[in-house]
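Heads up, the next two complexes both have subunit A, just with different partners, subunit B and then subunit C.
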Partner chain A sequence: MGYVAIKGGADAINGAERAMEILRTAEGEQGEPLTLSAIEHQLRLLTSRVVSEGGLYHPKLAALAIKQAQGDTLEAAFALRAYRSTKPRLLETPPQDTRKMRLIRRISSAFKDIPGGQMLGPTFDYALRLMRLDLATERPEDFRKIAGSFLARSPNAPVADSFPKVVDTLRAEGLLPPLHSRQCDPFDVTREPLVFPVPRSAALATMARAETGSLLAIAYSSMRGYGDIHPTIAELRVGYLPIELPHPVTGEMTEAGEVLVTECEVVAMYEADSAGKRPTFTLGYGACFGHNEVKAISMAILDRSLQKGMADGPANPSEDPEFVLLHVDGVDAMGFASHYKMPHYVTFQSDMDRLRTTQKAHDQALEPSPHQTERAAQ
Partner chain B sequence: MPQNTHALDSLPPRSQWARFLHAANVIECLALAESFNKQFQVEDIQRPESGLALLRNRDGARGEDYFLGEIPVARAHIRLFLNGEAMAEGGAQILDDRTPLARAIAILDAVLANRLPGHEQVTQLLNQGQQHIEQQQAQRQVLLSSTLVDFSLLGNDEDDHND
Partner chain C sequence: MNSSYELPLDEADYNFGFLDEYAKREIRRAILKSICIPGYQTPYASREMPMGRGFGTGGLQLTLSLAGPDDVLKVIDQGSDDSVNAVNLRQFVSLTCPGLTTTTHTSDATIIQSRHRIPEQPLNESQVLVLQVPYPDALVVVEPSEARRKAMHGEGDYSRLLTKLYEDIVKFREITISHRYPTRINGHYVIDPSPIPRYDVPQLNQSPALTLFGAGREKKIYAVPPYTNATPLAFDDVPFRTEDFHDDRGERIACARCGSTRSFLDELPLADGSKRWQCSDTDYCDQQLQLKSGTLTGARQ
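Then we have the complex of A and B:
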C-alpha cells in the first residue's frame, strides 16, 4: 500500500468535523443534548458493548464516547482505547473470584434445578419482539414512576445475591476435569503482540475485548456446522464482581468497587483422556465487561473450539487460533476497513498503468499478423 | 506511632470502609477530609495517583488466570501528624479516576481507624454510603426475587418440548 501526503486539506477537515457537529445538533432549538447519565442507563446495553470492546470498564467515559461517536460502537471503543493508552498502569489486581459476583441474572439450560435457583433477571429472552409504540410518546412523569413502583415490590425475606457455580457441582460429581492448580503469568494483549502459538490466556483476553458481531459470526459458523462443539449452557450469569485490592495500610483485601460482568460456561462434548483417564465433559468459558450475553456465549463456544484446535489441530475456521484471534478485534478491523477511504492515488495510478500495459499487450496479441491479413485477403 | 486499639465492633469491617465512603456524597467527603487536613498535618507516604489496573480473573472452565480488561484506579496512602507526632496511617484504593477523592478517603480511613477527634463525622458519612449501597442491593434483590423461575414445571404437560 502507498499513501500520499495531503496538502491544503486542513480547512476541509475542520469543515468535516463541523459538519458532524451540525448533524449531531440538527434538532436545533427543539433539541436537548444527551446527558451521559441517560446514555449510561437508558442505553445500558450499548454502553456495555463499548466498555467491553474498549477493554476499559469506565461506563461514564463509554457514555461520553458513544455521544462523541454519535452511536458508532466501533468509533466509541476506539476512543476509549485511545483514552486508556494515555493513562499509567498502576497495578495488576490479584485474581478475582467470580463466585462472589452479586448477581442480577442467572440461568442454566443444562439443569432445571440449580442450587440457589434460576433468576431470569433483566432479559428480552421471553419478550415479544414487537414494537412498543407507547415508548414513542413516553412522558417524563411516567418514565420516572416506573423504577419507583417496581422497587416497591421488595421481597419479604432477604434474597441471596451470590451463588455457587453449576460447574462446581458437576466437577464435584467427577463429570468435569479438575481445575488447574498451577498458574502461569497471563498474557497481556495490550502490551504484547500475538505471535502464534499463543497461550489460552491470550485467547481469552483477546476475545474479552473483541467485537461482539465478529465473535458471534465465527461462533455461529461453529453452531451451524463448521464445528463440533454442541454446547449446552451450564450457567449464564450477569452481575457485579467486587474488585478486591490490598489495603495500603493493613494489606487486608478490601473492596475497591465493583464491575458489571457477564459470564458463561458451556458444557461441550465429552472426551476420553489420551492417558486413559475417565472421560469427562469439556468446557468453554466466556466473560466480558458489561451486560452482553451474546458475546459471553459466543466467546465460550469459541474458547472450547480453540482448545480443541490447539490440542488436535484446527479442523475448521473456528478452531484455528490465528484465524479467530486476528479477526475479532473491532478496532483493528475497523481501522483496516476505514483506511481504504484514505487517498491511495499513487498505488491506484500504478494499478492503472499496469492495466493499460496489459491491455495493450492483449490487444496487440489479438491483432492479425501481416501474414494472416494477406491470407485472409486471398 | 501511637495506634488506637479501641474496639470498632459497631462499625463495618475496615475492608468495607472505602466502598462505603466511595458511595457517600463526594462533596461532603472532600469537605470533611479538608477539615482534617487543617486539623492535622497530612503526609503522603505514597504519592496519590490515578491510572489503570489490569483486572486478573480466573476462568471457570479450567481455573486459568487471564486478563478481563482494565479498570480505573485511584489510590492514596497517608500519615497524619498532630503537633509533629505521628498519629495514624490511612489508605484507599478505589475504582475511580479522581485522585483527590482517593486521598480524602485515605484521610477519613486514618481518622476512623484510630478514633481520632472528629471520627463521629466519618461514621456518619460511612453510614450514608452504606445506606446508599443497601438501597442498591434492595433494587437488585427485587430484580432477582421477582424473576425467580421454576423450570421444573416444564415437561409436565404434553405440549412442553425440550429442545
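Then we have the complex of A and C:
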C-alpha cells in the first residue's frame, strides 16, 4: 500500500533526538567530549556571537549552548534566549560608562594618534589568511609555550585604567552636537512589542541582540550605495566593561562584575539642518556583548541610517526602521524559515483546490462557445 | 571570556506553565483586550519559547497562560493529534503543567490548540480554541508596512483587499485566496483567521466557543469572542466558496477510512497514480468509525 497512516509522531521525535545525539558523539574511539572551557576559550569569537545574539551575558552557558547545538550559532543563541525568557526582570540597568572599560583593543580610523593612543590588540585584521597546518597537531605543551613567550615579551609599563573617548574630543571642538541627557526611559524589547514608530533605544536594543549576518547584509547595502552614510570609525573598542548596579540595600552604585563588550562609534557626514542650526557631524552607535567587531560596526552604521530614516522618512531599506528591525532577529528569522518544514497538508489542499478550479475556468473560457461555433460554420 | 561565570545548577525547576507569572499576566491582559475589541490585533511582548518561532509559540503562550491543573488539553496539527508538532507541543505543556490532562477527544477538551484546522465537531461554550498564527494581518498581502496597515485597520479601510479579490476574478475568474481567508469580525476588523482552509471559516461565525489567535513571532494576540459574527469577504454576485470535494461525476468524495462525506479531506497520491481521500480530523474520523461499529460510548454520543 502506498499510504502509511501518519502515526507514531512521538516515536519519530525521539528517534530524531537519538540520531542527533549519535552524530554529536560519533568521533570514534579517540573521540573526547568538548569541554565547556575549551569552547569558551578556543572558540571565543563563536561564544561571543552566541552571548550577543542570545541577549544574555553568560559565556559558560553560551559554551554549553554551542555544544548541545553542535556549533549552530542560530540554535545556540536560541537556546540561550529561551533560557533567558523565563527569568523575571529584577531591575533596570542604569547607563554604564564605557570610558571605564578595561580595554584589550582600541582603534580610531579618524586620527593618526588619539589621546591615550591607538592599541591594535587582538585582531585578524592584518593577519595573512594562510592555512596554519601546524595547528592540526597542536598539543597542550604548545599552549604553555605560547603563554610563556607572550608573557616574556609583555611590556612592564602598566596600562591605564581608562581611556578618553575620541568622540569627546570631537564634541569639545563643536564638530559633534552636544550630548543630550536621556529624554525617556529606555525601551525594553524583551518586555514590550515593537509598535512603529519606535524610539531609538528600541532600535539599539533590537540590533544589540540581532543576528550578525543579517545586520551585516543590511549595513552592507547601505555601504554599497543603497544609502549614503559615509561613515568613519571614530573609535572601536573591545574590553571588559564594569557593570555598576544600585546596591540592593544602600542604593549606592556598586560594581557587580564585568562583561566583555565591543563598542563602535561612527561619525557620519553632516547634513543641512532645516532649523538653521550650526552644521555638525552626526553619530552612529553600535555595541554588543562579546568580541564581535563586524556586528558593532554594522550596528553603528544602521543606527545612523535609521536615525536619518526616522527624521526624513526612509529612502532605502537600511533607513526603514520597520524593514531593518523586524528582519534582523536570528531567532525569529530562523524559526520561521524552519517552520516551512512542518506539515502544510491542509493549506496545500486548499491551494490545489484553488488552482484546479482556476484551471477549469481557464479551460472553459478557451473552449469555443456554441455561439462562436455557429458563427464559424456560417 | 569570563571564567568567573558559573553554570546555574539550581535551574531545573520551571514555573507552572513555563512562563513566569509576569509574562502570564501580560498575556491574559492582552487576551481580555482582544475579546473586548473583536478582531483587533493586540501587540504583546511575546517571549522566546524553547521551540522554533513559527512552530506555534504564539498559540503555546496563550495555552500556557490559560491552562490550570484542572484543564483538559487537546493539541492538533493538520487535524491530527499524532502529527509531530502536535506531539511536541502536547509533551511540552504536560511537562510544564503538572496535573493537566490531555485528550484526543474534541468533546472532552477544555482547551484545544490547533494549527491549520478547526475540529469538525462543533465546539461548546466551555471550550477555548487556540489557533497558531504565522501571519496575523490579513492586509499583509496588499501592504507590507505594519505601521500603514495599523492605520488602515483603524480606518476600516479594506478597499485594497477588496480590489485584490476583484482583480483575482478579472485575471482568473476565481478568488485565488486558498486559506487564511480574510474574514470580517463583528462588522469591523478584518482578520487573518490563521491558515485554516476556507472550509473551516464558517465555524468561526457565531461559535459558542471563544477562539483565540496567537502570533508569537509577530507578537500579536486577537480573538473572535463567542457568538460573534465572522463574515468572509465576498461580493454580492460572487459568493464565498469553500474547498470542493466532488469528483468528476459531481459526487461528494467520501473518506476512504470512515466513509464520511461531511468532512475536510486530505488527498493522498498513491504509487499507482490513483488517489486516496481521508478525513483530515483524525478524532472525527475515529468517532465516525466507532459510530458505524456501534462502539461509541454513551457519554460522547
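Just so we're on the same page, the second predicted complex is superposed on the first by the 349 of 378 C-alpha atoms of A that agree within 3 Å, B and C clash if a C-alpha of one lies under 4 Å from a C-alpha of the other, contacts with A are read in each partner's own complex, and residues count from 1 in each chain.
Note that in this section a residue touches a chain if its C-beta (ideal position, glycine included) is under 8 Å from a C-beta of that chain, and two chains touch if they have at least 3 such contacts.
Since we're looking at a predicted model, the values are computed, not measured.
Once chain A of one complex is fitted onto chain A of the other, the partner contacts of A:His58 extend to both subunit B and subunit C.
Residue contacts after overlaying the shared chain place A:Arg139 against neither subunit B nor subunit C. Shared-chain residue A:Arg224: touches no atom of subunit B or subunit C. Of the two partner chains, neither subunit B nor subunit C is touched by A:Arg129. Residue contacts after overlaying the shared chain place A:Lys277 against neither subunit B nor subunit C.
By the document's definition of touching, both partners, subunit B and subunit C, reach A:Val259. By the document's definition of touching, of the two partners only subunit B reaches A:Asp97; subunit C does not.
In the superposed model, A:His180 lies in contact with subunit B only, and not with subunit C. For the contact definition in use here, the residues of subunit A common to its subunit B contact set and its subunit C contact set are 51, 58, 84, 87-89, 190, 240, 257-259. Partner subunit B is touched in their complex by these residues of subunit A: 51-52, 55-58, 84, 87-98, 102-105, 112-113, 117-122, 150-151, 153-155, 158-159, 161, 165, 167, 177, 179-181, 183-184, 186-190, 200-201, 204-205, 208-209, 240, 243, 245-250, 252-259, 261, 263, 265, 283-285, 287-289, 300, 303-304. Interface of subunit C with subunit A (complex): residues 1-8, 11, 14-15, 18-20, 22-23, 43-50, 52-55, 57, 77-80, 82-88, 91, 115-117, 134, 145-147, 150, 172-174, 176-180, 195-199, 217, 219-220, 243-244, 264-272, 276, 280. By the touch rule above, subunit A contacts subunit C in their complex via residues 1-3, 6-10, 12-13, 36-37, 40-41, 44, 47-48, 51, 58-61, 64, 78-79, 81-89, 190-197, 240, 257-260, 290-291, 322, 326, 331-332, 334-339, 342-347, 349-354, 357-358, 361-362, 365. Considering their complex, residues 14-19, 22, 45-46, 49-73, 75-77, 89-97, 106, 109-110, 113, 137-152, 154 of subunit B touch subunit A.
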